[in-house]
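What follows is a pair of complexes built around chain A, which joins chain B in one and chain C in the other.
Let's turn to the complex of A and B:
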């Protein structure tokens, strides 16, 4: 068990800077997910923690000890790879035992540890098989088993579920979470899938273009995004962004098509300025008898059963998605009056993307 | 696969049988000749029915050789076997190691070394035979096994082949073994070697036959009869001068010379067929 600290960690390949200084303290036993789009540097960051990439500047410490120059094998970490990286010529048992064998553990202890890990992951029946005789989900379990038997201070996961099909991914996600609740090992998990990130994380690190956008619990980041990027990245369907301008008194914001949305707090400083307005689709609801905030011109309706996604427009440029509970009969071309909760409106600076 | 019917089947079979006959007939004639007396061989046309002197001819070949070239074939077979085995295994060991170095290590002038190895592909033994002979003779390695084998061991082809194979092994496997705590040589032994075993088997067959069939190099550097390889031996048996060539014994020697390569192919075939069927990566 150990905490992981990143202090001003930077990475450059040649002249290209790919990580521009990351600071983060990961507590003992915490499950931290690093999430971001492809190429944001999240995998590189994880590989630096693993010791597979050198740190260009800054410090990485595991359990209070700076490990910048420590070999991967001496960092007391275990890593689960995207392509599983199982040794194809070894049986499942040998795959899991290999690291222990190298460390020179006695045979009986290796047997014991592998059996215990196999029990936790329910792969006892597969121990004599070769990786190629296993399905994707089973391979993933073996890869995790290989990590568990080492009893490391930190688990590192590099997009471990992205090669699995959608159903299996959901199932394995739950299992990883349960596993963490059982073992309570500090874990760092990299993914580009925001659902995975939201469901697994104790804390999220959202990265974009080599920079940390925001760190916090999933629900904080969802409800209170610090930047336009975080707001747009988390949530599915994604947050609606409209260009608008704050009224002179700072109490409402003007949206395209002559719509005025009230604000929960007075934004005096932003008064009269153009802003980007963020509205989550689920915060738009059918107006019913209440006076509508806006009227959406419906372009397309997606009936998902549990909810209905309405693609529509307000005014000319204002594309809008609304997510309405239940299967509601809405027709394409209809004008749909909707209400908007005032405390659900997020304002961002259109230049910097920062929250106002 | 689409199955052919009627004429198609007959035609394909006819072509195949013709092909087999073309290859097998000369071998059969050799076999028949190795079972006759010299007089019977020289009869024109030679009979195609095996005679009764099979054991006698093979015994003569193996343990005494022809009268003019009184070197027993058993010794030559052993020489050839040692040479072919040393060349094949030497080439495989050296090229595995050099491919390992070129693919997995970053050292100064890495690509220069790779290209240097690669360029030697253009220089087969025949092209560099005089300088190589000079070096071997200066090192006093004439008429010795080191002299026979070492100059033939360096192999660009096999290095290149292993390099290409190593490059198909996913990087994550290397990283996983690093995290498991395996050092470079441990990774080489525990992961690379087992994964390359079908490639090694295939190469071994090719290289064993290459070594076994060497003619020009052993001809140059061996003068001592005790160092004769089987291929050289056959040639010496044919250089009988004014004497009559002892065809039955020569043919028996030829048959004997064919056995080891055939055995190697038959035994190793299982391996590389297996390698082709289950590609595990």
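Let's turn to the complex of A and C:
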């Protein structure tokens, strides 16, 4: 068990800077998920923690010791790869025992440890098989088993569920979370899937184009995104973005189609300025008897059973998604009056993307 | 339930396999049966009379010290060539796999020798080591080493082994390099994280994963050393000095076309065929078991 510290970590390949300085303290026993679109540098960051890529500048410390020049094998970490990286010429048992054998553990202890890990992951029956005789989910378990037996200070996961089908992915996600609750080993998990990120993480690191956008608990990031990118990346369906401008008194914002939405707080500094307005689809609700904030012209309705997704417009170019609880009979072409809670309106600077 | 896929036309399948069967018949079965037929005949040098002598040719060969010497020479030559060509090619491929800058130029240069005909390769090495005009022989003499492969049998053997190996390394190199590049990087990384150093990774991960390639190359190299090296032997030493480099395939040629003993030569080629077939069978039965596909 150990904490991991990243201090001003940068990476460049030749002249191309791919990571522009990451600072983060990962606490002992924490499950941290690094999430971002492909090419944002999240895997590179993980590989630098593993020691598979060199750090161009800055420090990476594991358990208080700077490991920049330490070989992967001496960092006391274990990694689970996207393509599993199981040794195809070894049985499941040999795959799991490989690292222990190299460390020179006695045979009986290796047997004991492998059996224990196999028990936790329920793969006892597979120990004599070769990786190619296993299904994707089984291979993933073996890959995790290989990490567990070593009893490392830190687990690193590099998009481990990407190669699995949707159903298995949900199941393995739950198991990884349970496993972490049992073992409480510090874990760093990289994914591009925001649902995986939200459900697994104690804390999330959202990355974009080699920079950290925001670090925090999933709920903090969801409810209180620091940037336009974080707001748009987390949540499904994604947050609605409309261009608007703050009124002169700073207490409401004008949206397309002549709609005026009240704000929860007074934004005096932003008064009169153009802004990007972010509204989560679930924060739009049917007006009912209350006076409506806006009227949506409905283009398309998706009935999902548990909720209804309305694709609509306010004014010209003001495309909007609303997520309404339950199966509501709404017809295409209808004008739908909706209300919007003032505290659910997020304002962003259209230039920098920063939250106002 | 299995669905059987077949042809409704009864003749078509035979027509489709006919070209392959005809090629095998013309280029393998026919000459091989001719060799078998010739091996039990004795012919006078002018080809006027031929008579059946049963297994006399075989008996004569197996009692001939020249033939037993040739067997011994072939064993030394083939084992050296196969071992050196495989070992050096693997070493070069592993190094090339690590090279990043100039990798293409490096690979191209290593592949070139394969484009050289065996006889040309032989002549090239012969000139380099020629005791009177060869530059390498001259350099060796300057260092105080007397090189004369026209007189020294061991030196002659060394020279043909070098030439034959040099020629085959390119071929092996291409296959080893392709094999190395087919190994996923993440496997090597996983082994590195598991604590395996560079050597350990090579012996426990890379080499086992290369074993299908290595096995294929072993079979090919043994056949190469037995047959395709004829051109090199012929141009460099002509089997000499004093039969020190007379491998079986060269002796088959020499006895038939120089010594005009057609029956004896045919009997030798039958034995040679049997040796190569049994070597290949042994490789497939015993070596292949240790191969991980």
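Side notes on the structure shown:
The rule is short, and it goes like this: the second predicted complex is superposed on the first by the 356 of 356 C-alpha atoms of A that agree within 3 Å, B and C clash if a C-alpha of one lies under 4 Å from a C-alpha of the other, contacts with A are read in each partner's own complex, and residues count from 1 in each chain.
The rule we apply is simple: a residue touches a chain if its C-beta (ideal position, glycine included) is under 8 Å from a C-beta of that chain, and two chains touch if they have at least 3 such contacts.
The structure displayed is predicted, hence computed values, not measured ones.
With the C-alpha superposition on chain A as described, chain C and chain B clash in the combined arrangement.
Look at A:83: by the touch rule set out above, it reaches both chain B and chain C.
Once the two complexes are laid over each other on the shared chain, residue contacts for A:73 go to chain B and to chain C alike.
With both structures placed on the common chain, the touch criterion links A:50 to chain B and to chain C.
Of the two partner chains placed by the overlay, neither chain B nor chain C lies in contact with A:63.
Legend: residue contacts after superposition of the two complexes on their common chain; A:170 is shown touching neither chain B nor chain C. Annotation: chain A residues 50-52, 71-73, 77-79, 81-83, 85, 87-89, 98-99, 102-103, 146 touch chain B in one complex and chain C in the other. Residues 50-52, 71-73, 77-79, 81-83, 85-89, 98-99, 102-103, 130-132, 146 of chain A are the ones that touch chain B when the two sit in their complex. Touching chain C in their complex are the following residues of chain A: 50-52, 71-73, 77-79, 81-83, 85, 87-89, 98-99, 102-103, 146, 150. Residues of chain B touching chain A in their complex: 170, 172-173, 175-182, 186, 190-191, 194-195, 278, 280-281. Chain C contributes residues 184, 186-187, 189-197, 200, 204-205, 208-209, 211, 292 to its touches with chain A in the complex.
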